[in-house]
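So that we are looking at the same thing, I have put the structure below in structure tokens.
The chains carry the letters A, B, C and D, assigned in the order they are written, with residues numbered from 1 in each.
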Amino acid sequence: MKKRIEDLVVTGNRRLAESFFVIEATSAGVLPEILPGQFVQALVTESPSTFLRRPLSIHDVDRTSNTISLLVQIAGPGTERLSRLVPGVDKINLLFPLGNSFTLPSKGQRVLLTGGGCGMAPLLYLGRKISESGVEPQFALGFRNRSRILEHNEFRKLGTVHLATEDGSEGHKGFVTDLPVFRENDWDRVYCCGPEPMMKAVAASCRERNIACEVSLENLMACGMGICLCCIVPTNAGNLCSCTDGPVFNINDLKWQTSE
Amino acid sequence: MKKRIEDLVVTGNRRLAESFFVIEATSAGVLPEILPGQFVQALVTESPSTFLRRPLSIHDVDRTSNTISLLVQIAGPGTERLSRLVPGVDKINLLFPLGNSFTLPSKGQRVLLTGGGCGMAPLLYLGRKISESGVEPQFALGFRNRSRILEHNEFRKLGTVHLATEDGSEGHKGFVTDLPVFRENDWDRVYCCGPEPMMKAVAASCRERNIACEVSLENLMACGMGICLCCIVPTNAGNLCSCTDGPVFNINDLKWQTSE
Amino acid sequence: MADLRIKIGSLEFRNPVILASGTCGYGAELEDFIDMSQLGGIIVKGTTLEPREGNAYPRMAETASGMLNAVGLQNKGIDYFEKHIYPLLARYDTHVIVNVNGNSVDDYTELSRRIDNLESIPAIELNISCPNVKQGGMIFGTNPASAREVIAAVRKVYKKILIVKLSPNVTDITEFARISEEEGADAVSLVNTLLGMAVDVRTMKPKLSTVTGGLSGPAIKPVALRMVWQAARAVRIPVIGLGGIMNAGDALEFIMAGATAVQVGTATFIEPRTAPQVVTGIADFLAEKDFDSVSRIIGAINRF
Amino acid sequence: MADLRIKIGSLEFRNPVILASGTCGYGAELEDFIDMSQLGGIIVKGTTLEPREGNAYPRMAETASGMLNAVGLQNKGIDYFEKHIYPLLARYDTHVIVNVNGNSVDDYTELSRRIDNLESIPAIELNISCPNVKQGGMIFGTNPASAREVIAAVRKVYKKILIVKLSPNVTDITEFARISEEEGADAVSLVNTLLGMAVDVRTMKPKLSTVTGGLSGPAIKPVALRMVWQAARAVRIPVIGLGGIMNAGDALEFIMAGATAVQVGTATFIEPRTAPQVVTGIADFLAEKDFDSVSRIIGAINRF
């Protein structure tokens, strides 16, 4: 897929719970085809301690307005600076679309999209694409507690949303893997993006139950284009780049050794 | 004089001709005593290529509102970033007041304040102090051409303003040293701040005519506090720091060797 | 337009801007952004005789105006290169140079011999300066006797243009530049990365799996520039300058300090179009200042 | 509160944060911002036997996340120091250390002897690493034999705490750390500035009157940290780490890499209160992580 670099106009910047926000960035032209699971490399200007671009999943795509949205958590200076972008005034320079994509389900498959925190980011666009393909996605979203639950109306429009909070302050008490809906044995495909422990728990359970499962990894990246070889993931086929061979991986291909 | 570091609120940011602007920065407390000719070291945040503070002359001081104003020319990334400070929203971190000061005239002396471009910056506050001391200052201001003439209403309130433009598009044609008012032989004191060629021409003429003359130098500075020894000026007393022993120097003390 | 051509040995380059090894893959990854015919050349990924998996993750850490990497020469080896990559490189209308790495003198000579047979590769860059591999690599670049041995050995078997890439992690860069010249190198390129490290205060662990790694980016530009200036005054063969070049102004600094050509490295990660932009910027500068060729400003600071 | 005290030889420091030489004058300039009793110590300006005018203007250039300087040890010499400055230093409730410079071994020994007589100076920092003076200076710091000679000579005449300040412009920093230890130094401090340069493209001239100068600031932190880590593993005497420390996090990186103490240099130019802020930040970190003393985390990355 042809990559491009473009200054998009920031047309929205909404604060969600806690340190999360959604940036809307609108192209003056026509957006290229974007696959679910792909990401952008965002240039952070005016941040003295941010040298490299920052990888961010594509949260949603609106083709009528040629707008990409990004769901971002403030993690450090780069994301902090992005959180202060002013709609209508600032631009954001994106290198995109990058990476591979999630595998869409076949007709009639039952699919569960699991995630938490900023890991929810790619799941909305994935859910939309799944829904457009005629399959109804379900979502299992996990949060620390009630006050950290992120807005998920857009998810609800696409399919049922199941909530888990670690302290039980809303939804089911526990992790996403503790949700009854997750434990049901009849998923054909499970997708996951979230903190590493969540992805590992989901992967372990899926592997056990022989469910096809894809995860989206958030390895440290320098280039995002397959040229620096910094973002490698040990797989059965050797070290692969998570920016070009990923960020989406089938759990059966991963070695997961990097993480402990 | 006790120095301080303070986040002042940007209460004004006015664009003048071309690449010049005036920043107003208001203290939440009471401003310390500030002498004419003193400067601030401004921290430029959100500019990746600006590591050190930037020295800027104190253009004016308003004690009723505790406001300092700075007259700045965009010269590079640091001043460019400052030019975009948003009044009411942004703050500016200043280390001040720094440096020595111009020598005020005695009662009855005739004084001429000469300058051009951002060299006009310290002359307003100097003019104000001179005026408060009961002497009426006159100003000789030089510009490239009509479109580069900076607003000087505040100067006019203090004393007569004589204008020179290099192309004669307004005021006298030529340099400030070509102004009839400058060539009159009865100045007791001449002050000058501007581009080096202007200061040298003014100094040469004053030396010849035995007029007391002080210039304000704009040497490259790292610290502004006399600790790095980077801003030296060769004087008859050896290498002096232009940030603590200056920026104002009597032309008789200078060797001016640094400049060619 | 000013004449941008420069020469390294007998090899003429369209212009003095080259993509640096390890920061441009094999070029294909950048094709959406760069038309290779706009560039002087491209130095493809560090290549070794045998395939290498490289170092463990994490391999990079961001630092002030720079980054550390500990890739460790991950590549599929020369056999794979010859069969699968070389055929793709022939289509580029620019000089394709291979960055040659080894753990022993024999590794280097064997690999150089193999590449000498590849018709559309007019030059190699002998990397005696990789800080990210245990044996070999930097050892050759920081020990004068080893440097001399490996350069001499490669010169014997490799007939085309030989560029030696020097390590900045030495007391006296001119010593290594001189050795390269004496042993018949056509040019030296410098600098490779500076050996650095970073600590994650939260976990109290090094940020890189290998503890130390190679520092690149604008942070190292002043050191790189100084070494290029020193080297260019010490030898007559051309010096190719790199280290932190982000724009044409940076490239001009290197050229004025004595570099005949420059390489763009880490900048490509942030702005893939940096190298062609540098070409344009150099041309604009020469036009503005009325210089008829880039060679007029090589080493300019020593003259003006 | 956690115990912040550390020891260099027999000398106890209140905490591990010291102002670096050449970046804090004689302390007086910073009195509006720093209460010296909050710090472990202050290393005053580089001092020589004879007065020195230093290098010509321009002496500094800003670089990416750093700066170059070419001050060249401007100071009024030891006679003036003894008479006019020393009396003012006695009032500081912190360790005042003098940074000792020379062009010859005799210079260094003579100066050290003079300072040995100054009661309220408990230590000297032997600067064998100044890149900004023609003779002496860095020569001693980049040549192992010269380094050994000058350290041994000074050790003979100077009885109090001897810290040797090492140059980063060397292939193997551990060699110089070991020589310092062998010749009886109580500690090594590193790094001094990296030799760098910058070119003004507009004028086609070097930005510094001396062409090359010393690079400091966050740009050099990764290199400094790596050298501190290497040195700390090579010797048993304490290592004092510096280079680009802008905040407590940076200081903790050095301590975790093996530094017993740290120095704050260029940061003071931008934020004069950096050093006391670093003290507070280290204390906060220790409290948060439940460490009872700073010594618990010295070299932590080698253990965790």
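Going forward, a residue touches a chain if its C-beta (ideal position, glycine included) is under 8 Å from a C-beta of that chain, and two chains touch if they have at least 3 such contacts.
Being a predicted model, the structure only gives us computed values, none of them experimental.
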### Query
Of the other chains, whose C-alpha centre is the longest way from the centre of chain D?
A
### Summary
dist(centroid_CA(chain A), centroid_CA(chain C)) in Å evaluates to 36
### Task
Give, as an integer number of Å, the spacing between the C-alpha centres of chain C and chain B.
47
### Query
Whole-Å distance, chain C centre to chain D centre, using C-alpha means?
34
### Query
In chain A, what residues contact two or more other chains?
48, 50
### Query
Multi-chain contacts in chain C: which residues touch at least two other chains?
63-66, 217
### Message
Going by the touch rule set out above, what shape does the chain contact graph take here: line, ring, star, complete or other?
### Response
ring
#### Entry: All touching chain pairs, where touch follows the definition stated at the start
A-B, A-C, B-D, C-D
### Message
If we count contacts the way the header does, which residues on chain A are in touch with chain B in the complex?
### Response
45-48, 50, 81
### Query
For the complex, which residues does chain C have touching chain D?
63-66, 68, 142, 169-172, 194-199, 201, 203-206, 211-212, 215, 217-223, 225-226, 229, 244, 249, 252-253, 256-257, 285, 297, 300-301, 304
#### Entry: chain A-touching residues of chain C, taken from the complex the two chains share
22-25, 29-30, 32-33, 53-54, 56-67, 69, 71, 74, 217, 266, 268-273
## Note on the structure
Note: in the complex, chain B contacts chain D through residues 2-5, 43, 49-53, 95, 219-234, 238-239, 244, 258
